[in-house]
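One chain, chain A, links the two complexes that follow: it is found with chain B in the first and with chain C in the second.
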Partner chain A sequence: MLFNSLEFFIFLPIVFGLYWVIGGKRIKSQNVLIALASYVFYGWWDWRFLSLILFSTLVDYSIGLALGKKEKLKTRKILLWISICVNLGFLGFFKYYNFFIDSLIDSFTFFGSELSINTLNIILPVGISFYTFQTLSYTIDVYNKKLEPTKDFVGFMAFVSFFPQLVAGPIERATNLLPQFSIERKFNYKNAVDGLRQVLWGLFKKIVIADNCAKYANIIFNNHTEYNGSTLLLGAFFFAFQIYGDFSGYSDIAIGVSRLFGFNLKRNFAFPYFSRDIAEFWRRWHISLSTWFRDYLYIPLGGSRGGLKMKIRNTFIIFIVSGFWHGANWTFIIWGALNALYFLPLLLTKKNRINTNLVAEGKYFPTLKELRQMAFTFFITLIAWVFFRADSVAHAFSYLYNMFDTSLFSEIEVLPSTILTLVLFFIATEWLGRSGQYAIEKIDFMKKPIRWAFYILLIILMFSFTGEEQQFIYFQF
Partner chain B sequence: MRKLLINISLFFLIAIIIGEIVVRVTHAMSDIPQRTIDEHGIQKYIPNQEGYWKGGDHKWLINKLGWPGVLPESNKNLIMVIGDSFIENFMNPNECHQSAYLKSNMNDYNFMEASRSGVSFIEAMEITKQMDSLNPIHSLIYLDDDDFYESITQIKPMSDITQLDIETNTIKYGEMKSPGLKKILYTWKLMYYFYNRFSLGSLFQPETLNDNSKVKEPEFTTEVIKLIDYVKQNYVTINKTLVFHPNSKKSFIEICKSAGFNTILLDSSNDDSWTFDYDSHWTCYGHKRAAEQISNHLLNSNNQGILNNFNIIKK
Partner chain C sequence: MKKFLKQFALGLLVFIILNTIIAILYEYPTYKSVKNKTNRNYLKWEAIHNNKNTFDLILIGTSRCYASFNPIIIDSVLNTNSYNMATSAQDIAETYYSLQEIFEYQNPKYIVLDMFFEASDESYDYYQTFSNSSFFNSKKRQLNLIYEGYGNSGILNYSIPVVKFKNYIKQDIAGILSKNKSLRKEDNWIKGYLYDTTIVSDTQISNYEPIANFSTSSFNRDRFNTYFNKIQALVSSNNAKLICVRTAYPPTRLELTDPDDEAIFFDSYLAEQQVPFFDLNTYKDDQYLYNDKDFADYHHLNYKGAKKASMQLVEALKQTKNN
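And now, the complex of A and B:
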């Protein structure tokens, strides 16, 4: 079930109504409802996927309980590895099996011999990368004794399958979300209104910005040899806003919907395109995944505490794994490696944490230096997005080769002025609202008629610029 | 919770009012004329209506007889132009109607359109019967394959379209389908906008299995022959030209020819600009080309007799 579908607009009020009719004091009943609703939400794509999520839930719940009882390190390690193998096994099989087989066949062919292994016709279960990482965080935290194992199976089931963030995050930590399933949820008017506002902003990002940018990004990327450099640059620009609008829009809707049910999810995006360096960008982009990798991969590997070699190795590992997490394609691996290359100079010169504050805090305009820094950071992310969007590595290099020729400074061949105006409106709104959790959070301080007029404007724009309903990009990851 | 529900309701009420204003001012949806059923059982429009087509570029008009388009200045040498939504042609301005193009090609004749979207072949024949009071010398009936299927109850039963029961040889006149609901829908522009934009109508249609689309549609030749036999016995065919849409079934054209109809098969091959990108209806260009082919056919020296048939019959 897509957030931007009619089904969801019927589904959400029904679940919301039932949830608060049950009341915050009947926690178990509310959790049963959330778990059931989440299974309906997820099964809407393909009911067969439900067996996977149920199995994953059962395994991690049981391992959590076992970890709570066992004190012996060796036994605990075995239990942890069972959880890791089961979860990553599913992920590896469904997402990476064909990639590894194809890569193996390609490498044998490269060395002049032939290998005959058949690939499988596998359907990738929606959101598998997200809930796999979420359940893994539970067993790892229980193993590390940061969290007491839960005995409430329904609560755990609701935690794993919580429908607002099930298929595209934010990837919640068990330490943050799981305890919220065992405490009384009280309806809070301010929270609910704020949640609805965030949902509205998320829908605007998805429907108006992402889907419309997607139309032009697809045209330009799919026919890149026919366009000049400046148009290809615009194509990359459109993709940058497509992926940002799409993914951060989903996160906004997820966080907003969760607030309607009395839950607080982690922030996933913090205006990444206003970053002054790539380190800041990565502190602001897909925060739940970056921190997951930081806590469960980078730090256990030694982080940046070791020598030069270890720093370089760990940086490359985390970025390449992060790229690979996005999909079984060399393009994602190169995208990750490229970001590692961007990040390394800052890490090695210890400048990776110089921009931790809000850009141009308390001011309407940035300084020229900040503007230059933001433009440069955006530009290098744009180059990396070309790899992320391209169908193959060859496609990406060809795109960049055509983009960086002399025609880069010639007239743009595709110039959809309406869409560009909308993107400018979006950037301006995000800039003005950058001190909030999301761009229009602070509108709460304005008078009601102004607020409502703005909401209605967003709704009108949404209906006026609704293209073909597009899947959220991150569902495929 | 109560406060939230009250505020949400109030917000939606205001949003609906503003949305309605926006949809009306920007003509985001076409105005839809209201229909009625006349004393002969023919579904037509309530006379003297006008409204905007989507986008507000041009207006459509329902004349005093209840048909879309402008009436001719005189009924002398009158040729009727009968058909479905292609002839109704709300999507193009009046100057792009078949009657306008035909008049510019055949200045000695006058043309009057009688059309309504969804008209079946048998209904078109019923319309010609009612139009006889205007003494037209000829009628052009625009058809495609579906118009034959939709004429026969046994093939495609449709309560809102006039059909023939080929078992009992009786005409079943179409009834207005949910007129009250339609009136609300067409008046409440915002609702109509949502209905169209998000295909809400399809939610209430039973889903068809994908596999069915692969099954080849039967020809229904026997049924069409029975239909044409009925038409031959109950209507004058000699003063009528059936104008077939490009790619119509040759077998149907032959059946109609054998029943005494004059026929024209339009040709739009290698010419994509006949139809809109978003719609299968003809553009102004398509209408112009169609009218050219029809005029050429009617004025061709070999076919000169066609337009005199009615006078011959009357004599």
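And now, the complex of A and C:
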């Protein structure tokens, strides 16, 4: 079920109504409703994969309980590894089996041999990369004694399958979200209104910005040999806003919908395209994933402690694994490695934490230096996005090769002025609202008629500029 | 919670008022033109409903069809009584239901269907479709078109004006941002055919792009196949002959197009279906050679081009009759 679908617009009010009719004091009943609604939401896509999420829930719930009882380190380690193997095993099979088989066949072919192994016709369960990481965070935190194991199976089931963030994040930590299923949820007017506002902004980002940029990004990427360098640069620009609008839009909707039910999810995007360096970008982009890798992979590997070789090794591991998490294609691995190359100089020169405040804080305009820094950071992420979007490594290199020839300075061949105007409007709104959790959070300062006129403008733009419906990009991860 | 629900209700009310305003703004001109009996679709359906069993040749399809075929020219050679029932942005589902409505009032011997990728793609001009179908006498058929033709999306687009008119709102917004305001010359309609005196400019010709192919269009083969089969069965059950044509494109656009997926696809598909198909871009091109100035824009013929197309169609119909 997509957020921007008729089914969801019918589903949400029904669940919302039932939820608050049940009332905040009946915690268990509310959790049952959330779990049921989440299974309906997930099953709407493909009911066969409900068994997978249920199995994952059962395994990690049982392991959590067992970890709570066992004190012997060896036993605890075995239990943890069972959880890791089950979760990553499912992920590995559904997402990476065909990739490994194809890569193995290609490497044999490269050396002149033939290998005959059949790939399988595997459907990737939507959201598997997200909920497996979410449940893993539970078992790891219980193992590390950061969290007491829960005995409330329904609460845990609701935590794993929580529909607003089930299929495309944010990847919630058990330490943040799970306790919220054990406490009374009181309806808060301000929270609910703010949540609705965030949903509106998220829908605008997805429907107007992401889907319309996708149309032109697809045309240019799919026919890149027919266009000049400047057009290819524009294509990469459109993709950058497609993926940002799509993914951050989904996160905004997920966070906003959660607030309607009295839950607070962690922020997932903090205006990453206003970053002054790549380290800041990675503190602002897909925050839930990058912090997950930091806490559960980077730090256990030694982090940035240790010698130069270890720092370099750990940085590459994190970024390449992050790339690989996104998809079973060498393009994602190269995207990750490229980001590692961008990041390393900052890490090694200890300049990775110099831009931790808000850019141009308290001012309307950035300084020239800040503008230069933002433009440069945006440009290098744009290059990396080419690998992310391309169908293959060869496609990416061909795209970049064609982009960086002399035609980079010639007239753009595809110039949808209306969409570009909308993107500029979007950038301006995000810039003005960059001190909030999301761009229009602080719109309260406006008088009610103006505020409502702005909401109406967003709604008209959403209906008028509904692009060809595009699947949320991160559904494929 | 009460305050939240009140605010939500207020929001819904504002949304309803907004939609009412949009409906009035965009429906009023149609309402006025129907009242003044100047609305083209209204006049077309009036002709079909009020002249029972009169027309023996019906032309149907998109605006490319109503700009291409002049019934007066066709009738003067073939001694028929034809009518051009093509409408703007006519989708293939709309064609099917329109033919159902037509067959209730007419008994044509020939149905000429214009073949065009965009008539079976994923983008629909709901306003045009529902406006056209609003003149069906059968309300049941109108509802079938909405639901069976377009599903939930159809219901949404039919019921909510801001969705129904989104293409027009978008155009108007783009128009505000654009410096160029083009003025079309006054239209002249003859038995459903648009006699257009506009001649494309050299600037427009220089901006021509290739004809849509599989990678640049969202042509939906399954949808096309489903509705084409229904159309074929419907025409056959009414003892009429179905003839398919692909109307002309400016030669400059044809030169830019490689491969011409539209021509290749319809040619092989219709050969398989054993339906006569004439691509007017190549049919008897030694006699009927188009040039860019035969067009009013990037894909609609003007009166000069329509004269050629109408005569080409006459030849095609004669050939079909002889076969």
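In this section, the second predicted complex is superposed on the first by the 477 of 477 C-alpha atoms of A that agree within 3 Å, B and C clash if a C-alpha of one lies under 4 Å from a C-alpha of the other, contacts with A are read in each partner's own complex, and residues count from 1 in each chain.
The criterion applied here is as follows: contacts are C-beta pairs under 8 Å (C-beta built on N, C-alpha and C of every residue); 3 or more make two chains touch, one makes a residue touch a chain.
Remember, it's a predicted structure, so these values are computed and weren't measured experimentally.
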item	value
Side-by-side fit of chain B and chain C on chain A, or clash	clash
First, second, both or neither for A:Phe404, with chain B first and chain C second	neither
Which superposed partner A:Thr421 touches (first chain B, second chain C, both, neither)	second
First, second, both or neither for A:Phe465, with chain B first and chain C second	second
Contacts of A:Leu6 with chain B and chain C, given as first, second, both or neither	both
Greater residue coverage of chain A in the superposed arrangement, chain B or chain C	C
First, second, both or neither for A:Ile219, with chain B first and chain C second	second
Residues of chain A contacting chain B in one complex and chain C in the other	6, 20, 187, 189, 192-193, 452, 455-456, 459-460, 463, 466
For the chain B and chain A complex, residues of the former touching the latter	1, 3-4, 7-8, 11, 14-15, 18-19, 22, 193, 197-198, 200, 203
Residues of chain A touching chain B in the complex	6, 20, 187, 189, 192-193, 196, 452, 455-456, 459-460, 463, 466
Touching residues (chain side chain A, partner chain C) in the complex	6, 20, 187, 189, 192-193, 219, 222-223, 417-418, 421, 452, 455-456, 459-460, 463-466, 468
Chain A-facing residues of chain C, complex	1, 3-4, 7, 11, 14-15, 18, 122-123, 152-153, 156, 160, 162-163, 166, 169-170, 173-174, 177-178, 215-216, 218
